[in-house]
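Same chain, two partners: chain A is paired with chain B first, then with chain C.
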Partner chain A sequence: MNEHALTPTPAAAGLAAGPPVSHFTLANGMEVVLIEDHRAPVVTHMVWYRNGSADDPPMKSGIAHFLEHLMFKGTKNHEKGYYSNLIADLGGQENAFTSNDYTAYFQRVAREHLATVMAYEADRMVNLVLDDATVNPERDVVLEERRMRTDNDPAAQLQEAVHAALFTQHPYGKPVIGWGHEIETLDRHDAMAYYQRFYTPENAILVVAGDVTRAEVEPLAQTHYGAIPARGERPVRLRPQEPPAYAHRLVELRDAKVEQPSHQALYIVPSALTAKAGEQDALELLSHLLGGGQTSLLYRKLVLEQQIAVAAGAYYMGGAVDDTRFFLYAVPAEGVELEALDAAIEEELAAVQRHGVDEADLARAKTRMIADAVYAQDSQATLARWYGAALATGENVASISEWPQRISAVTVDRITAAAHLLKRQGAVTGYLKTVEAEANHE
Partner chain B sequence: MNELSQAGLTPSRASRVQKVTSPSGVTAWLVEDYAVPIIAVDFAFRAGAAQDPAGKFGAVMLMAALLDEGAGKLDAAAFHNALDDKAIELSFSADRDHVSGHLRALAGEAASAFALLGLALNEPRFDEDALERVKAQMVAGLKHEANDPDSVSARAFRAAAFPGHPYGHAARGTIDSVPGITRADVAGLHAALLARDNLRIAVVGAISAATLAQELERVFAPLAAAARTRAIAAISMSALGETRVSDLDLTQSTVRFGRPGLDLHDPDYSAAMVVNHVLGGGIFTARLFREVREKRGLAYSVYSQLANYDRSDLLTGATTTKNERVAESLEVISREIKALGQDGPTAEELDKAKRYLTGSYALRFDTSSKIAGQLVFLQTAGFDVTQLDARNVEIEAVTMADARRAAARLFGDGKLLVSIAGRPQGL
Partner chain C sequence: MNEHALTPTPAAAGLAAGPPVSHFTLANGMEVVLIEDHRAPVVTHMVWYRNGSADDPPMKSGIAHFLEHLMFKGTKNHEKGYYSNLIADLGGQENAFTSNDYTAYFQRVAREHLATVMAYEADRMVNLVLDDATVNPERDVVLEERRMRTDNDPAAQLQEAVHAALFTQHPYGKPVIGWGHEIETLDRHDAMAYYQRFYTPENAILVVAGDVTRAEVEPLAQTHYGAIPARGERPVRLRPQEPPAYAHRLVELRDAKVEQPSHQALYIVPSALTAKAGEQDALELLSHLLGGGQTSLLYRKLVLEQQIAVAAGAYYMGGAVDDTRFFLYAVPAEGVELEALDAAIEEELAAVQRHGVDEADLARAKTRMIADAVYAQDSQATLARWYGAALATGENVASISEWPQRISAVTVDRITAAAHLLKRQGAVTGYLKTVEAEANHE
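Right, the complex of A and B next:
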């Protein structure tokens, strides 16, 4: 029941020497991915739905996430708590998360219990039962969750405001958990309508990672998920798209609780799904080159050389259905104004746009990102998330397995071209400021 | 971990662990596994932030954070380039009782990874520019969380629970203490705390025992033979029955609560794990989850846990709820703690908790880094490798009488130290 607004790092899971991956589709349209990992006698079982907060209907923000909570409330076959008790008895763990583009449910159990968790997910894909006695207290839980994550934290409030400014139309501008005033109005009818629209086999992806073979998984998937009637077609995601942006916007938040100012800049860039060939790989590498740790450009220039920041970094949310976000952020050194820091960041970005990057830096970034694909093989849960997130946002298994080769092929010229996608025009800069800063200005 | 679970046949985890000793006596626990071509190394020195010199809170944490900021002939930038050129992950951290390190590398780069680790441990430079930079980063982090309700309630809890004791201050220091830490402080702590006699090491992955023995010698043998540490007094937490409120202008309050716990080696510890699981250890199935979240919608998060430090043991828990409902939440939590202390769990709860705790243990061993972390934990806590198998046997053996006795010891009269950050109403 956690909410994870961030997509996992790009689908770096595949390598030629990686684990065996099978992929097939049931007759009712439900996709299945199996990632074998025979080191420990456990399995990770996930069902992903291709709908997230960006598919919330108008005035119903938060419904994807609210329904995720309500999916634990019982089915017509089994009352609330039956499955959670069963999973706990098996020594299993379970949870769920909602993001912009998908909602996912998972269990981690000993390998012999795979059929049990499949029966669980298959049952609640079609047989959910909701009544006011369970729905209404759960809405209070979600409102407390929102208070905990956002209302208590000026940085989180700024984050919401920056996203709302960046996306004037597209629902990526709305918080995954929803706006408080809209969550308050959600009821079981909203939840059930949403459930019936999106929780269908055509819209679902099963990911199993662990100590099982295709010969074991395929018949189980047929029995439990294959029995669910097809609806005929996959539900359509209806999303207002973003018009061209002409203005740079500055969003400031000052709060008495802020003692440490910070800077962020967000740009709208192509996602894995909307990018032209190769653009996504270049953006992945660019984010690593600009802000992936202590050898990155921003850290070297702003923290080590100019000493105007104590931290700096970058992040590209490549896994997304629509055009997505590229973040730059920095924490100023004592006494440095955010405006000065912003100018220095823009200067570094402009330098990359004009001159590209060093071959040695690019080689180091590639080494690191390709190694990530090897490190990922150490965790079946990580692999399951990467494959699930990639498929739920429209990528395919082949694009995941080819990823290291594509990263290897990126040239300095393509990095430069990717840097030109970060345009100040249309970007949003966010400043988190102390109240003192306000006093000094006025 | 290749053995399959079969009915009546429990696989032995301990049998997969080799104890590898270098020529001069540096020992590590090794799980050799070639399925994924990587190595994971975890280690801990049994001396942590409780060793901070008076008024220099945060010094041990700073020392740990500086170990990878330049060593030998490499300054900080050159050291990080050397790591990144080969995709080697190396980090150091500190908690109250330990300075610990984590290394992960591709198997083909293991020799370079061990060489850089050896440099970091034996020849850290503690350059002035790196020292000032990392201090500034620590202060920025402290400012960032200065009014964060989770941090504020934790600080107040610690201060009330451990007055005048090293556990009463934060491992990360304070905004006032960190700037005053000098290079001499850091170098002195490095020389005093990092030694072979308080070091525990675990390695998992694609490396043979013979190769590991050589690397252990190269990396760890040059350390001092014996640590020079201050004795930390054992302490039982204070201020039971008291409620401390830290005022923050928020609509929601963050509530922490705690009581004394049981020692990891206490004969009732397994039973204490079981009754804590019944109270607030499990999500979805625990009493606190059911009563606070499920029935009343009071909070998103509510839990309890056993916390064990070298010199103190606690039962702690937390929740967050809107200011108007803090009193109600605390009443529900107190009632559940008292009831469990008086009556113990039901037979069904006891059975379910034991099943969960034993069944889920395997999930702590599904990645190399997690296995290495577990193996270091067992060593620092003073267990032998046999505990890997004994742990579930001990939990399975917990009877209702054991559970009632442990519940009575753990929850006793139900008195709590409560630390609240926010503007709670009606207390």
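Right, the complex of A and C next:
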């Protein structure tokens, strides 16, 4: 009923020849985005809230995700399961997910059932009912989810440790699901206080994508969501910020359960919201050039030429409210030490910092990224997620439509400047090691 | 007017033949400890509050230390400087310090002036006056203190990074002085809210050491401190706790300003308050055996035998409310890589884990520690600090008097068990490196 997967870079939705998009705001402050897509008689309906795990109050990590679970528990008007059963009976799908910066709820139904799913989301935005008999067993479900996914998995443990090392103060360093010892303390009162703080029309964004027009959607949204009274101000995100980092941190986890060692390097860089003009576009292209598939620099050098890795890549989490993560990763070839792999990765990065990239490589990367975005629009759900994530992290609709021009304008000099943002000082390197590797090493 | 030095292990004050100590509580909840010391006609007067930097509210790091500064700014009854000038005129001394778990104020005066310093502390416990004209310039003083001591000093930067890596969630990972970007936001309202929350009789401990009797001190304490109305409950410390640590973290700082490389290893271990019975005594002895002076294991092996270090030591910060730090440190001999020093330290630690320590070494360490505590009692101020720190971190007076017996009872098996608490998994290693070392290394 929930997932923690990364949302595709929202900016990647920007396409000159993209779908018709309308954007308006209801009187109570709730924003609405409509993406018309008339290829099939279906609609994707999402409600996004501008609060994610990074807005969890101190000592209450996991509350955003826990509340996402509890949103399926029934309202003053409808018992638990009523709406989920209804959607299933209509042949629809539903889902929800919690991320660092937002929480979102999703349904996909035939176009004639849009009013039904609007009634569903509007009802649980204000009428959620929580009692101990509901909340306490669900807390055990979440704790079990944490045990299964993290506490028994060395790679997940390393992931948590690497993030906690990178963000020593900022809540991006905390896991979305929360720390086990804090989840254990979450109760009905915490959940209700959180719900009342964040689940408000001012804090919500409705995204509808599908075979409907604005003339249909606007009155429906007005009827179902417009009826919710405004609360006044949008809730404020209260987040400790990160001090400057002077040291490099190497986080190393060895465990008998590890079968495949791996390498990662994480850097704090500006996000789409915190970057200077154009910086995020250069970072996006840099991640593509360094590690986007089998033509990327890291793949060519480490996997094909030097044959010291069997996989290598890069990722830029540009869609974020605060300064965010750029990461490189690699999986060593058999017998290759992670320290040697690390040195080779550093060398590639230093080469880009010193010499930039080939004009031809840059042109190919731009073409490929824009083409990928065109293909991705084939998915109605992907389109809806792009717009929802962008608005939930403080970007606007225009920033999406301007994206192809911005990507086209990135120069080699700006790629070089972006590469200089990846400083070893302040970075975190993560090693996942087998226990055998330790024995060999000492 | 303030310092951040470590307080000597409070438990070390426990001595069968120690000074006469009385302990009582006023009706408003304020505790009083009197340590009689009639060698000279002077008294040491301290007021301890059970709040330190680890109780700083979220995003308000540095407020405990900032308020310590502001406590010298004047009250409803007396202008700024009145008391400090008075104490100087009386030939007295005063000071104050903020630590992770407490804040304390100290005066040393001739015995006949005890009433004067009590009037001083009682006045500023309730009558502090704060306005922008006082608070804002003092904030700049603190920011300048931070710039001087930390931001321009690579060793201090590493210290902060190492602690932030060790305590990813618990506030022991934050600097006592606070993060610069958070200090900048502290204002009169933050300071007054903090003052009203923590500066209460229920939260305070009066320690008087000197040439006075209970018959003299009790009525004076009653007059000055007993007159302060009780607030009700003692304020609660709200502290995020640390999740289990699965990974080792190596924190490495290279800077052109570094002239002398150094090595440190930090482990989270139980404190006097969180340890199982006897565990903290074994940890105290272990720190002495491993790194207490020139007869210690690390010094003998690394400095004398292998000559790979010019200094080596160990320290256990036992007096703490929550799980605390045990650390090892070493300074490499010229030309020795920190990686080699690290391996040698690991080897020594592993040897103690596998084989324990010599009975004779243990007996010598016990004798030495108890003798050190006897000598240290010569200082009235040290005695006062032992008792104040112990009570402020949740220990009791009896735990101090029983300390020599507890130390005497520690066996080799318990030392071995304590050594097993120092696990590389979950530990943090810190390297301070010269820039030359980097050039050689690569």
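FYI, the second predicted complex is superposed on the first by the 437 of 442 C-alpha atoms of A that agree within 3 Å, B and C clash if a C-alpha of one lies under 4 Å from a C-alpha of the other, contacts with A are read in each partner's own complex, and residues count from 1 in each chain.
Keep in mind that, in the parts below, a residue touches a chain if its C-beta (ideal position, glycine included) is under 8 Å from a C-beta of that chain, and two chains touch if they have at least 3 such contacts.
Since this is a predicted model, take the numbers as computed values, not measurements.
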item	value
First (chain B), second (chain C), both or neither touched by A:241	second
When both partners are placed on the shared chain, which of chain B and chain C touches more of chain A	B
Which superposed partner A:331 touches (first chain B, second chain C, both, neither)	first
Chain B versus chain C as contact partner of A:141, first or second or both or neither	first
Touched partner set for A:250, first chain B, second chain C, both or neither	second
First (chain B), second (chain C), both or neither touched by A:304	first
Contacts of A:20 with chain B and chain C, given as first, second, both or neither	neither
Which superposed partner A:219 touches (first chain B, second chain C, both, neither)	neither
Which superposed partner A:179 touches (first chain B, second chain C, both, neither)	second
Overlapping contact positions on chain A, where the chain C interface meets the chain B interface	none
Of all residues in chain B, those that touch chain A in their complex	1-5, 11, 33, 35-38, 40, 76-77, 80-81, 84-87, 89, 104, 106, 133, 136-137, 139-141, 143-144, 146-149, 248-252, 254, 282-285, 293-301, 320-322, 352, 355-363, 365-369
Sites on chain A touched by chain B in the complex	17, 38-42, 72, 81, 84-85, 88-95, 108, 110-112, 136-142, 144-145, 147-148, 151-153, 155, 211, 256-260, 262, 293-295, 300, 303-304, 307, 310-311, 331, 333-334, 364, 367-368, 370-372, 374-375, 377-381
Complex contacts: residues of chain C adjacent to chain A	58-59, 154, 157-158, 160-162, 164-165, 168-169, 173-174, 179-182, 238, 240-241, 243, 245-255, 425, 430
